[in-house]
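The two complexes that follow have chain A in common; it is paired with chain B in the first and with chain C in the second.
Showing the complex of A and B:
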């Protein structure tokens, strides 16, 4: 059983009211959340301190304009923020931030993390061309899907539909969305940590005890696992071979948008963008001689495989790479599938626990014995 | 400047020539880009061979030198010296091992030749990407910090102190001498400990080149081989004392296993059960007496107390237990002595005889298991099992029990390990650099270990280690001479580094520091020994090894596999 704060308002207004009270009562210095930018439905993550601006916050707008984990890393890269900040982020975004903190790319200090049992988001394409706003059909369809496992979010991104990590691992508060049919009239917030309870203390509402893992969530989880199996099977990644890799990544236009948007791709200068990867004339000559012809510039498959090996272990499956790919390469499916295989080898779930070391930095004498002779 | 690569294949007498077609190796490399000369020689490491190489380098104006010969372990340095003499940067040289890795292990001459060709071509491919590396020299301080004033620390201090080398000996207790000063006599010769120890302690105290601190703790050690800054603090004072040294010797000794952890031995509950150290003190301070004031009539000495718990043999307990029988026999000739052991450990040229002579004096040695000490009606007894085809349980009545507890690492080992940034093994003792090849050095250059700080040890063995440490320091930290740190080391690119500190966590030499202002990792060029861990682990490609760059390794491997 968990301690739950129940506010008699719809989930959006409930969370806004809580955030507003945090700011007004000076419990926090700022609020980090998705905020409406214009009337066309555009939202962006914003850091606000003025309680009057809370009105424009859309905490669960089903669109990910950027991975909040990466943004929080920017905020805290050179040191932690002084005052407490309430951050409303999705579970995968929180996991990405934890992965970055493990690599000293940010600090968890002074954050109150408010997350939710997440219904996923629509693709970038659906979201930015004006189809998605709070009075759109996509919006009401989305919330129908959140309430009812049977409706299973028909149009959210494939990665989200296949995500079983929809409950946050290290949030102080979890807004209970999935499977809650009463979200239009009540806002239930589970208080997961002492910090969460301390902040909620004195909030307008009722404190109740409730089991988070209910039948509806189990149903959601099963459906998503099934969907993941289907997605993985459909992608046929195991059978890729070199031909499959060339076929899949061959349509890459080399914009490197995937690595720029990826929260785990944290290098400030990508080796693939550096002179290190420029071939010398002699290399071009030998390769041309050997193969009879080459793609210019070369290293397309190499770039994607390089990224897979670099970020696979920490990939949280946020789906942004697929969102931004102009060539429609199913990147997030590939990364999720390959990432999960690597993570399984090391019994590692990225972003679950900040104390759990990245496998690259740990050594066990009895490890990977099956790959030894 | 256009590169001029010279390739020289060594016949190594018949060693290589018999199983590799050398001319074919020469043919295979002579057409390669930049190769201006390819020749063979009977024995390149001979005086004649070295002269030949030197002449060739000069005559052809070589910019790079590739030699296909034996293992780099053998003659890399030899040929690097030749390069230096000929005015060629020694890092523009590459040795392909076609003896140990080709001629000697590949049976078929054709295959051996093919492999030798690949190795030699790979070396040529790689060397085009070599950059000249320059040797560096740094000033060094010849003084030494010795932590721990036991026998090992004393020995090391006495050997190291001289008019141009000061030794700072820091002891945490109120006097130097260590645990040995508690011992009455020493095995196997049974000479009084004072004969050896008191003289040495006096020598330390009188030596004007040794500054001994007692009741003092090492608070901080910063820096690297040749240049450490040390802060120590006396218990009674608030001010810290700061001095500079070039090397640190850790001789922090041992603790004894606490037998109260094993209730079956009755220690702490039965009145006449003593630890070995308590029994020594009984001997050094006065007579061997029971709590009731009478001398014991029968004594049981139990070996290996805590051995199973610790998982290792403490090496000296058997011998001092035998010595205790001598103490007892000398003072109470009629006393009955039973030694309960599980395995006797009496190695070396004099200990077997020491054991046999003691046994002949009428001391019983019983190989026993499941030992337990009990008391009923005022009579203490040692109960035990004898393992034979028919295991049986026996007991012996005794009025005194002496326990030989396992040697443990010193209680403040973790603190010292943290202060110095050296490693401890699972047992808590400090880890040597290599069990056989570096038994008294640690992973941190300039920090040495000796005596029981490194593992359970006798006094002679502790002294041997102290002398080994002195040898290492005397030969590497010479007053007035500058240090030449390793040249083939790692470097971290400012631009690529993201400051994730992964490299710091995998560096075994504590050679990477974090620049808090730029928030990037920086290699300390003196401490780095070029193991390459950081360049393998760096997720952003910022760390690289100067002599094993991505490009060098890539070119070498590509050519070898072509």
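Showing the complex of A and C:
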């Protein structure tokens, strides 16, 4: 059983009311959330301090303009923010932030994390060409899918439909969305930590006890696990070999959008953008000599394999790489599948617990003898 | 596959090219000892000396395979003996991750091997090289991850 704050408003209004009261009562210094930025339905993450601006916050707008984890890392890269900040983020974004904090790229201090049982987001493509706004058909369809596991979010990204980590692991508050048929009239917020309870104290609403893991959530989870199996099987990654790699990655145009958007790729200068990665003229010459011809620029497949070795262990599967790829490469499926097999070696779930070290930064003296020959 | 790469791979007397990353403090010295003691081992390895097995970036291994090496050997100090205390433990973890990845890209496990050899083990070094060479010979030339047009 968890302690739950129940507000008699729809989920969006309920969360806005809570955020407004935080600002007005000076419980927080700022609010970080998705905010409407114009009338065409565009939203962006924003950090606001003025309670009057809360009106424009759309806490669960089904679009991910960036991984919030990466943004929060930017905000706290050289130290923590002074005032408490209430941050409304999705579970995979929170996991990405935790992962970045473990890599010393940010600080969790002074944040109140508000997350939700997540229904996923639409693709970038669907979201930016004006089809998605609060009075669009996509919007109502989305909420229909969130309420009802049967019409499991028809058009959200494949990554989201196959995401089983839709409950946040380290949020102070979880807004209960998935499978909750009453979200149009009530806003239920589970208070997961002492901090969450402390902040909720005095809020307008009723405090009740409720089981979070209910039947509807189980249904969602099973459906998503099934979908993940299907997606992984369809990708045929095990059988890749060089031909598969060329087939899949060969159409990459080398924009490096995937690594730029990736929350885990935090390096200021990526190896693959660096001089290290360039060939000397003499290398070109030897290669041409040897092979009769080369693709220019070279190393397209190598870039992806290389990135897999860098981010696999920490990939939270937020799906942004697939979202931004102009060549329509199913990056997220590939990275998550390979990532999960690497994570399994160390029984590691990235971003779950900030106290748990990233496997590559620690070791056991007796382990993995099977890799030695 | 282009004509250009054929001759070398189908040659009856094909000999694998194997790159060996050897830790300066143990395996490299082990190799040295094997040499000084005139212990024979297959001449298929090309040695790169590293300060510690922990120095090895998985990208190095990938690059070797991409550039046409048929096998890669990584060798460092025994657990507990690393000159820098724990470099080899980290190396082992990196290696475990790399192995998983190699499976996905279809590189046969025997092509990339990891072993511990101390400075006093000239004999063992020769054995390791022999084993790796034999394994890679059985697998044949590496074609899977070699650069193509």
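The working rule: the second predicted complex is superposed on the first by the 373 of 373 C-alpha atoms of A that agree within 3 Å, B and C clash if a C-alpha of one lies under 4 Å from a C-alpha of the other, contacts with A are read in each partner's own complex, and residues count from 1 in each chain.
Simple rule for what comes next: a contact is a pair of C-beta atoms (placed from the backbone, for glycine too) under 8 Å apart; a residue touches a chain by one contact, two chains touch by 3 or more.
All of these numbers come straight from a predicted model, not from anything done at the bench.
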item: Clash-or-fit label for the pair chain B, chain C on chain A; value: clash
item: Touched partner set for A:202, first chain B, second chain C, both or neither; value: neither
item: Dominant toucher of chain A (residue count), chain B or chain C; value: C
item: Touching partner for A:78 - first (chain B), second (chain C), both, neither; value: first
item: Touched partner set for A:281, first chain B, second chain C, both or neither; value: neither
item: Which of chain B and chain C A:360 touches, first, second, both or neither; value: both
item: Partner chain(s) touched by A:266 [first = chain B, second = chain C, both, neither]; value: first
item: Chain B versus chain C as contact partner of A:295, first or second or both or neither; value: second
item: Partner chain(s) touched by A:104 [first = chain B, second = chain C, both, neither]; value: first
item: Single chain B stretch clashing with chain C - from 27-35, 99-107, 207-215 or 243-251; value: 99-107
item: Contact residues of chain A, present in both the chain B and the chain C interface; value: 271, 360
item: Complex contacts: residues of chain C adjacent to chain A; value: 2-5, 58-59, 62-63, 66, 79-80, 86, 89-90, 92-101, 103-106, 113-116, 128, 131-132, 143-149
item: Chain A - residues contacting chain B, complex; value: 77-78, 103-105, 266-269, 271, 274, 276, 282, 310, 358, 360-361
item: Chain A to chain C touching residues, read off their complex; value: 237-242, 244-246, 271, 287, 290-295, 298, 302, 305-306, 308-309, 312-313, 338, 341-342, 345-346, 359-360, 363-365, 367-368, 371-373
item: Contacting residues of chain B [partner chain A, same complex]; value: 33, 495-496, 498-502, 505-506, 519, 537, 539-541, 550
